[in-house]
Amino acid sequence: MAEPLLTLEGVHTHIGQYHILQGVDLALPKGGMTVLLGRNGAGKTTTLRTIMGLWKPSRGTVSFAGRPIGGLPTPDIAQAGIAYVPETMAVFADLTVAENMVLAARSGPVDPARLDWIFGLFPALKKFWQFPAGVLSGGQKQMLAIARAIAEPRTLILIDEPTKGIAPAIIEAMITAFAELKRETTILLVEQNFRFAASLGDHVAVMDDGRIVHRGAMADLARDEALQQRLLGLSLDTHQ
Amino acid sequence: GSAAAQTRDVKICLIAGRTGPLEAYAKQTEVGFMMGLEYLTRGTNTVAGMRIQVLVKDDQLRPDRGKALLEECYNDDGAALAVGTTGSPVALAMLPVAEEAKKILIVEPAVADSITGPRWNRYIFRTGRSSYQDALAAAASIPENEDVFIGMMGLDTAFGRDGVAAYKAALAAIRPRARIVAEEFAAGNTADFTPFAERLFAALKDRPGKRIIGFIWAGAHPMAKFVDMKPERFNIALAPGGNILPAMNAWKAFAGTEGGIYYYYDFPRNPLNDWLKAEYQKRHNAPPDFFVAGGFAAAAVVVAALEKAGSTDTEKLIAAMEGMTFQTPKGPMTFRKEDHQAMQEMYHFRIRPNGRDNDMLDLVRTIPASEMPLPITNGRRTN
Amino acid sequence: MPPVLETRDLTIRFGGHVAVDGVSCAFHAGTLTAIVGPNGAGKTTYFNLMSGQLAATSGQTLLDGDDISALGAAGRAQRGIGRAFQITNLFPNLTVGENVRLAAQARGRAKASLLSLWSSHRDWIAKADHYLEEVNLSGVRDTLAAALPHGDKRKLEVAIMMALEPQVFMFDEPTAGMSVDEVPVILDLIRKLKADGTKTILLVEHKMDVVRSLADRIVVLHNGRLVADGEPAEVIASPVVQEAYLGQAPKAVEATHG
Amino acid sequence: MTAAPAPASASDALPDIRHDYLPILLPVALSALALPFVGNPTTWVTLTVAALAMGMMIFVIASGLTLVFGLMDVLNFGHGAFIAVGAYIALSVLALLSGWVQADSLLWNLMALGLAVTVAMVGTGLLGLAFERVIVRPVYGQHLKQILITMGGLIVAEQLIHVIWGGDQKAMALPAALRGAVVIGEVAIERFRILTVAVGIVVFAAMILVLNRTRIGLLIRAGVENPEMVEALGYRIRRLFVGVFAVGSALAGLGGVLWALYRETLTAAIGGDVMVLVFIVIIIGGLGSVGGCFIGAILVAMMANYTAFLLPKVALASNILLMVAILMWRPQGLYPVAKR
Amino acid sequence: MNTLLSGDYPRSRILTGILAAIVLGLAFAPFLFSGAAAINTAAKVCIFIVLVASYDLLLGYTGIVSFAHTMFFGIGGYGVGLGLYAFGASWGVLALGILLALVVGVVLAFLIGLLSLRVRAIFYAMITLAVASAFLILATQFSEYTGGEDGRSFSVPQVLRPGYRLLDQPVFGTVINGRVLAYYLVFAMAVTLFLLALRVVNSPFGRVLQAIRENDMRAEALGYRVVYYRTVANCLAAGMAVLAGAMSAIWLRYTGPDTTLSFAIMLDILLMVVIGGMGTLYGAVIGATLFIVAQNYLQKLMATASTATEGIPLLPKLLHPDRWLLLLGLLFVLSVYFFPTGIVGRLRGKSG
């Protein structure tokens, strides 16, 4: 395996007095998609926020493209080529959809071809282009949050539960789009929708209690129901 | 020797609005008071065997605080008498405290007429001039033998309104040919005086005879804004009241403007003022200003009264002070019996051409106290 | 049996955009109706109109046969319409327990009492504890709601509505972002409600298997309009749903993990 | 199962964003309404022109706060401190340049003024940098604490002015060529007001250009709503905030110079005293709209002049009445910027 | 004790100690400290505890930022003051004055509340600022009735005057005169009102206020009519402020705009709430005591400091008693830095 793009070694993160991440080790190979799974409160969001510099790791190293980024200010991390879709979506409610996109494209106006691609993926964004993002429906906000992250090519995209609240038809479209996207960039995806994760993921890591408890190829996990049961407590028959 | 053995300490409170918008006034009062004591006791601070100790207190221009401080003075500090204060509202709130404590309060420099008017009590003496005395001085600076039409620009507060009313009464009393034909009142924070000027110009411009706009104002003065609107187009003159030097310095370009003033360092001719001018210049590198004279006058009362009464007993002091004449940088002042207001001379000034900072007024005339018939408004009749 | 909740020609427009367009629909006690439709179809807005968060441009909402169109959100909540929100909507700086207790209090008689002590109303506290237990949150009763992980916030959202003990329950994607092992907790809860037989339950959900396993009836909204309404199997099979909502042949979807 | 006909594809009704000209008409309407009541046309012209100029001055004073309060959502009572400090710095500079000030040549006068303004703006700008660091940074997003801490900053600044320049009232002499008025018929227009109008228009145009043609305005608004996300998009929002704050402070300094020159006297309280007025203008404008602030300032000035001429008693409360009336009409101000 | 404190204990040992010291100090102030200055300070502390607690009800518990609180304080002061001034010093007039002021205050609070509690918080704050300044203008403009800027001095009923003697013999060296009685009247009112407020915030009603502060839209969705609760909270706080104003008038025997209506007092109240700790009524006690005592003795302290630092450049100038505002300003800044959750929050620690 080539040099990993992103590595976390023994990362600990505290939020206030709480010790949330308790030694996370993770290596993301360049290209492809790694899926981070785990039950609620396992620390998935905290891991992404730590990579992004939104929480500072109290111990351990985070390095990106061979460069340590742990402890750097968030803007520097973003400028190094990482995009982030937060769990809360964090669309700028006062700004229009268009303005949200203007800010997402740091280097200038969004490339029209790329914009068309995004509109094809999320038609609603075109329709509400001049509306304040605050009035979008839940799913539409989620679409905008993803659109922001892909407005420009990035080396690494961190996505926290993108399918939450998205209608099945759009999820299908997203699967196609992400499949395309992961050819040009690396993606770290946190997801509860196992089907979505399974159909896209190349690698998988499972978290519990602030640690990575399983690492491997996605295909292996998808095949092994017993393992799923043990790691995720899920039974795929009744729940996706 | 034995004289020193007999000296005892007498405490006197000086309360002033040392912080807040009138800080500069309070400073002057305090400096004047201290210099007055120094000069009149020849630097000993001792009079008739009593060593005067001054406790200076800051009422922050707040009536409740002024009241509390005065109580503290009389009750906790055991002051024989108190002097104060800068703001009229604070002084008015303090009056009842003096009455309760049965101790003397010398009011300086608060101007409200009611201090020696309806709200007066027998423990109150005032060295400062009243609004009405200001008005009389202003009226006395109006020409006597021609028709004069006056528009008034007043501050929209009790001070401004009382001032205009007093001015009206003063004119009626000593300048019957002068008439106030328009009164405008503006808030202290007024940004634009154009509408007020327009109203006054309109009211005056077609009047036959001399036309004047008078001001009753405290704080940032609108005079310069009126000048900028060229009242001379309509043959209108401006008559600001006197003010502290920094405020008047802004007017030095308006030569010829006349008015009445309470004190200007260059006007009175007497040894006290000569000493004050020289000494103040030496210490502060500036001539003594408006309220310095007042502070000095208050000190003069303290010294004269203690000397005359020979005791700190309130009743004896009152007896000594009623009708007492004492020397100040403004010449002699006399407390009249009925309302304990100090009767004093005032000055008619004119801004001289080519005036410089702190040197810009010419004395037109000293207005003697006798020319200013101050009515008694505290309900006491002349006996 | 007369419907518990009914809308007649309910419409709301935001400027030129009609988010809910003349929707007439009736909901009965003891049934669970799933409302599905593409993103932006107007599902949440339809909920907002019924629960009073938004005022309709035209049309009526009826509860137990009474026109409640003029009533605000508080009035409707008092009359028994309960609502859980799609985008979690809690009292962030109060504890989890307090969040639920406030819901219990809202239905109590002394809810606005000025001089009694809140701690003396033990029934509210007990009720709150009960519902926290039901959603597996008793362990974090004294944590501030803001510090919960996302999935737990969703559960708290549901617990708050449960503690209101309303007549009509509106769930807006209750399981979104919830980890797979927790989903059954919520689903069991909803099943229990349904089994009670007297509650009217409305559910917006994008996960078709959840819909399929719970719903007695499916209503489809599209561009603000009601485009289909009927038995689950029938509706899911209908071409309009297949095309506008599911996007692909549903068989294929199932095949991937079946 | 019942099925309605399939709807037409994605509804095309997309209302375009229309420009809102009503507020712009307000000052025009107000002045037209005042004409018959004022009666005398020359008086009316005098009042109206004076109000326009005063409005510009108020706008300049308020413009910095529009940025800081409107965009960054910081309730900065300390704005008054920058007004005062700007005025005092200019006072000192003008005192040094008294030769230029007293020269009867417009050129020299303007040079002196220009220099004073520049120094004042640089000074207040730098002060703004420090103020942001020490006072404002810990309280972004917390209105209440902002009120307290910036009020504290204002008090400290005023007291330091006392210590440095002394507590007494200062005369701020207008340069010779700017004194007095231009008289056209019976209408007198103060010279200084003409200068004010020019400055006001320049400031207005510059702000509109910068905010509309660059993404700075967007970034700040987004940054106030969610600074974390703006940083996650790769922008150094803190640095931007500092910059905007410094510019806002420099504008306050400029406003302070104009204001003191107009009043021709100044005290340390000069800034604190106009703060309520400034807040009213910004609220009327819609919290952060430069255009709204501009119109609001003119409206306030006009209302003050007309009411002072027609109903002097009402003048005291004219801007409060105006604010209430406008908020009744548009509860978010003339041009609401954000839904905070 | 539980009913008295409504089950809301200080929850920190140090805090309990401080509070007990304050309460005891206030209860025995006339005997513990001698002189007019001390008893004046103690009375002012009592008055401000009520005023600050009432403001905390709005700000800390309901999340309403209002700048009109001094207006209600003023209404109380003027109600009592103008009544006694116009109709003479009797208990009947005093009671009537308080009653009228309460009615006026509560009605006004109700109206403002109805009109403007629907707008955004910051607009509400500005509207109240405008209303308060309008009220101040009104109070000074109607000078025939209110005394304008000068305010009014008046007499209180005989029993409360300094000249009155309750007992011939001094008790523990203190003469029980009318001032002492007036002090105890003020003290008793303060205790009663404070305990009442404590009860209100710990009632179901009080809890709803906190919910509204956190998320008004959610509270509405639970069936709480936000406007109703906010309006009632507004009226309660206003009523309490009116009573504080009445206490102030009784004690000072003076009422005027600078004493009750000025914006400076509004800021002081804000500072006291924040120093003490928002949303904790005990914070009002601590904030008010600390602030008033500091304010009254600050200048004396500075005088000493200034003389002590003589010779050091600039420092004596900065520490000069006339620059007390400088320290006050710094206090504003430092309080936000070091007591973001107030002293009470600090003492209780994060777990509280």
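Note that the chains are named A, B, C, D and E in the order they appear, and that numbering of residues resets to 1 at the start of each chain.
One rule holds in what follows: a residue touches a chain if its C-beta (ideal position, glycine included) is under 8 Å from a C-beta of that chain, and two chains touch if they have at least 3 such contacts.
Just so it is clear, the model here is predicted, and its values are computed rather than measured.
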Query = Going by the stated contact rule, which chains contact chain A and chain E alike?
reply = C, D
Task = If every step must land on a chain the current one touches, say how few steps get you from chain B to chain C.
result = 2
Key: Centroid comparison with chain A (C-alpha atoms), farthest chain   = B
Query = When the C-alpha atoms of chain B and chain E are each averaged to a single point, how far apart are the two points in Å?
reply = 36
Ask   = If you average the Cα atoms of chain C and of chain E to get two centres, how far apart are those centres in Å?
value = 45
Note = Cα centre of chain C to Cα centre of chain D, whole Å, reads 48
Request  = Quick one: which residues in chain E touch 2 or more of the other chains?
outcome  = 137, 141, 323, 325
Where chain B touches two or more other chains at once, by residue number = 23, 156, 187
Note = Listed in rising order, the residues of chain E that touch chain C in the complex are 6-7, 199-200, 202-208, 210-211, 214-215, 217-226, 228-229
Query = chain D touches which residues of chain B in the complex?
reply = 21, 23-24, 27, 156, 184-187, 189-192, 194-196, 198-199, 202, 220-221, 224-225, 227-230, 233, 244, 246-247, 249-250, 253, 357
Query = Can you list the chain C residues touching chain E in their complex?
reply = 51, 53, 72-75, 77-78, 83, 85, 89-94, 98, 101-103, 105-108, 110-119, 121, 160, 164
Touching residues (chain side chain B, partner chain E) in the complex = 18-19, 23, 58, 61-64, 67-68, 71-72, 74-76, 88-89, 92-93, 95-96, 100, 112, 114, 119, 156-159, 161, 187
Request  = Show which residues of chain A lie in contact with chain D when the two form their complex.
outcome  = 52-54, 73-75, 78-79, 84, 86, 90, 92-95, 99-100, 102-104, 106, 123, 127, 130, 132, 134, 148
